[in-house]
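Same chain, two partners: chain A is paired with chain B first, then with chain C.
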Partner chain A sequence: MPRLCPRIVRSAAREHILLPLLLPECRTVEQARQELQWIQNELPTKRSVVRACIARSRHVPLQYILGTQPFGLLNICCKPKVLIPRWETEEWAMDLIRGIIRAAMQTKKPILTIWDLCTGSGCIALLLRKELSQQGIDLEVTAVDVSPAAIQLTRENSKKLKIPIRILKSDILSDQLHLHTRSDQQIDILVSNPPYIKKSDFNKEVAISVKLFEPRLALVADLDFYENLIDQWLLKNGNVESFVYELGSLVQFNYVKYRIKSHPLLKTYWNVGLKFDSNGKPRCVYGFKTSNSFCKEIFKNFGSLIYRSTISK
Partner chain B sequence: MMRRSLSTMPCVLIKRNMLPPRPKFQSFMEDEIEEKFLHGGRGAGGQKINKCNSKVQLKHVPTGIIVSCQETRSRDQNRKLARDKLALALERHKSGGTSSNWVPTVREAALNERARQQKRSKERKSRAKYDSVKTAKEKEERERAEEEEQILRSLE
Partner chain C sequence: MLSRYVQSNIKSLPLRGFSIGRQIFPRGNRFQSTIPSTASNGHVELQPALISKATEYMKELAELNKQLSQGETFDVAQQKRFAHLASIEDAFQTYQTQLSNYKSLQELAQSDPSLKEEAQLELTELVPQLSQTMNELQSRLIPPHPFADKACILELRPGVGGTEAMIFTQDLLNMYIGYAHSHKWKYRILAQDENESGDGLVDAILNIDEPGSYDKLRFESGVHRVQRIPATETKGRTHTSTAAVVVLPQMGDDSDRAINAYERTFKPDEIRIDVMRARGKGGQHVNTTDSAVRLTHFPTGIVVSMQDERSQQKNKAKAFTILRARLAEREQKLKEEKERDARKEQVTTTDRSDKIRTYNYPQNRVTDHRCGLTLYALDAIMKGERLGEVIDAMRQFDDRERARLEF
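Right after this comes the complex of A and B.
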């Protein structure tokens, strides 16, 4: 990160005494001004505003200071030790919701089952449950995480926002949770925002405030969770009808695509697609079974289909 | 007195709850706009950085008007606010102003008129107050003068 120009710092100080404190994170005066406005709006006393700005100069994430992050129409509580919801996640979650609503209008479904793995603050699970039940869609949402802090925060959010979801504490990489689900229970959509930053990228590419304050557990992993998706959920469990996984690079997408394409069974009935975010970066890998027309409808405008199952050809 | 008798135009008072509505974003306009989300980010994004801002930019294709909004931390809110802003900009565009020399909308004209009326009524009230104080003072003085005169007369 280039050094801040002293002239900018001085001109910021002339405008407001607290602005220079926000500059290391915001980088521009305009952005700092905006952030100061938010802090002043949300914190009650002058003293707490000053304290927040000092914390900000030490790279504490704004969401931990203010305690919340807007996510769709929800205001999700944020606490240290749990990943802060990102706008990219909000974006694809909203797109997914739009797809589900459209699909539900065409074919009535008795009850939709959604599982959210690595839920963190519970943001995806809660938003899906809230938005879809508002549209009169019946659904059952299960949120899973390994971190006690995340489970605690998801409970808190669920209670505070009055959105009932099932919350499970489990390590999906070692617990074989997929085998504990009832064999007849179909999972219509499996969503996840798993840790996806490669260990070798962690030091050079991750922003300093993320590096210092957000939990490594929620950030760093290589292909573990994508491997888990294919081996455990698609192969061993087999009741998953469609999935959406957030990702950080094309390597992860190619891995999922390759595993499905090269498997004698999976390649016959799974379709795989890629979704970009509005910043032009690859953001999601999704897949659905060809036989499931409901899921096919959900992902119609979601991203671009890269691999088609051999049946559909 | 003179001035009042000459004004024959009935003055319509503008009430605060009777103002013309703000220009509304109509649902058909949704097809005429291009929406963009700007996060000012080169580089990776996703879990690697944590941006708090979410700027929404709307472009109205037929007129080429562009508005943007990043007032709140919520993208949802910003999208709504940007639409209100665009509706206002379109209303101004319709009333024929340019960006450097804009014509106020119906609501703004009413707001200006209301401000004028309030100022005038304030002036009128203060004038009335000063007048009443002045007459009271004059009356008091007159009474005192009379009293003094009476006292003088009784002394003679």
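Right after this comes the complex of A and C.
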């Protein structure tokens, strides 16, 4: 991170005494001005504004200071020990919703089952439930997390936003949760924003504010969750019809693609695609069964299909 | 108004034309060159293509009749179609009986000399009726102008002739006001700029709010020529001056809304959505609060940036709203430009040579140069009372022209 130019800091100070405090995180005066505006809008007293700016200069995430982060049309509560929803996640979640609405308009589905693993604040699960039921789509959403703080916060958000979802505390890597679901229970869409930062990348690639204040549990893992997706959910459970997993690099995408492509059974009926975010970075790996035309319709314009199942060839 | 002008001797009125009904066709005089030689009742038969179209309509009507008799219910569009076709059928049947009468009378006059005089007498009675039926049928068969049901705006401007042209512009404005009065149409004078001496108009805009008035008045577009001894003339010479009239349809709010109401949906390759961040891997690696969104609309090059909200989605929605507004504004501007071009097309010059009609005061004569109609009732026309006759003649002429060109 380049050093801030002292001249910029001085000119910011002349404009508003608190602006230099925001510069280390915001980097530009323009963004600092914008952030100060938000802080002043949301906090009641001058004192709390000053305190917030000081905290900000110590790299405390703005969302923990203000207590919320907008996610779609929802205002999700944010607390320490739980990952703050990212705009990239918001973006693909909104795209997914659009796809589901389009698919539901073409074919009526009795009830849509969605599971959200590593839900954190519950943002994806809550947004899906809210937006889709507003469109008159019947759905059942289950949110799963291992962290007690995350489960607590998801409950809080669900209650505050009045969006009913099922919340499960479980460690999907060791609990074999997939075997506890009823065998006839189909999971239409399995979504997840699992930790995906490689341990070796953590020190150099991750922003200081994230490093210092957000939970490592929600950030650091290698391929564990993608391995879990293939082995447990696609192979052992087998009732998953489609999935969307957020990712941080192409390595994770290639892993999922390779596992499906090289498996004698999976390769016959799974399609795998990659979605980029609007910043041009690879963001999601998604897949769906060829036989499921509903899911096929959902992902029609979602990303680019990289691997086609052997049946569809 | 006429008192302003010295009326020339009424004896100079030329009696050089022949007349049928109230229409007078000049023959072999200096006016000839300016008048097309189309005689309105030279033919009593419709174009063959129009006849075949009418027969087609009759088949369709019979089909609809059959459906109706079988007890099928019609939707609104079908009901309208049925009414339209039925009205054509009525005119078509009258036309056919009158035409066969006409033919048999002609045959009779040729074959039987003893009955010739009687047949001729009946023919002179029948011919105007027949031509009227034909015109009616013709106008029903030809598709209406797309703006036929619109109200209209008249713009008047003096052309060649200085103050006299300005005075004539005032006279024309009074004529159209009189015409609107006689039809009990609502009108408003939107703008009226008098010249310095206060006896003429530099510019006038008349708004006629009657739906369908555009269809009536659209033939008024063009250069109107006046020939008279102006009040400003001291030596008693006759001057020729002009004024330009432009008729525009009033594109009312309702139709505009109908066009613009559709939610503008953008093709993916028309729009680029930029989020203003580039460094690093993104996602869980960073936690940015920068929620700015920039939209670029490629076809127009409009760029909208929005960053007020903490929510990127809200910023995006706001940016789209602004983009839509800008596009609508731009569209409006383009439309206005197009209208301006259309106006230029209607009147390229206010020259004497482009005239559509001449108002000759010394002869008490009004001649429309397009359809060749001449009326010796200048006063009544300038008051707007008999302007309708000129307009009707022009409408029939236009129907014939369109029938000729389109079928």
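Definition applied: the second predicted complex is superposed on the first by the 313 of 313 C-alpha atoms of A that agree within 3 Å, B and C clash if a C-alpha of one lies under 4 Å from a C-alpha of the other, contacts with A are read in each partner's own complex, and residues count from 1 in each chain.
The rule is simple: a contact is a pair of C-beta atoms (placed from the backbone, for glycine too) under 8 Å apart; a residue touches a chain by one contact, two chains touch by 3 or more.
The structure displayed is predicted, hence computed values, not measured ones.
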Fit or clash - chain C, chain B, common chain A: clash
Contacts of A:Ser262 with chain B and chain C, given as first, second, both or neither: neither
Contacts of A:Thr107 with chain B and chain C, given as first, second, both or neither: neither
Partner chain in contact with A:Ser200 - chain B first, chain C second, else both or neither: neither
First, second, both or neither for A:Lys281, with chain B first and chain C second: both
Clash with chain B (superposed arrangement) - responsible stretch of chain C out of 7-15, 115-123, 187-195 or 277-285: 277-285
Residues of chain A at both interfaces, chain B in one complex, chain C in the other: 31, 34-35, 38, 61-63, 69-70, 72-73, 83-84, 86-88, 90-91, 193, 195-197, 201, 205-207, 209-210, 214, 218-219, 246, 248, 277-279, 281, 283
Residues of chain A touching chain B in the complex: 31, 34-35, 38, 61-63, 69-70, 72-73, 75, 83-84, 86-88, 90-91, 193, 195-197, 201, 205-207, 209-210, 214, 218-219, 246, 248, 277-279, 281, 283
Complex contacts: residues of chain C adjacent to chain A: 273-275, 277-278, 280-291, 307-314
Touch list for chain A against partner chain C, complex: 25-26, 31, 34-35, 38, 61-63, 69-73, 83-84, 86-91, 94, 193, 195-197, 201, 205-207, 209-210, 214, 218-219, 246-249, 277-279, 281, 283
Partner chain A, residues of chain B touching it in the complex: 36-37, 39-41, 43-54, 70, 72-77
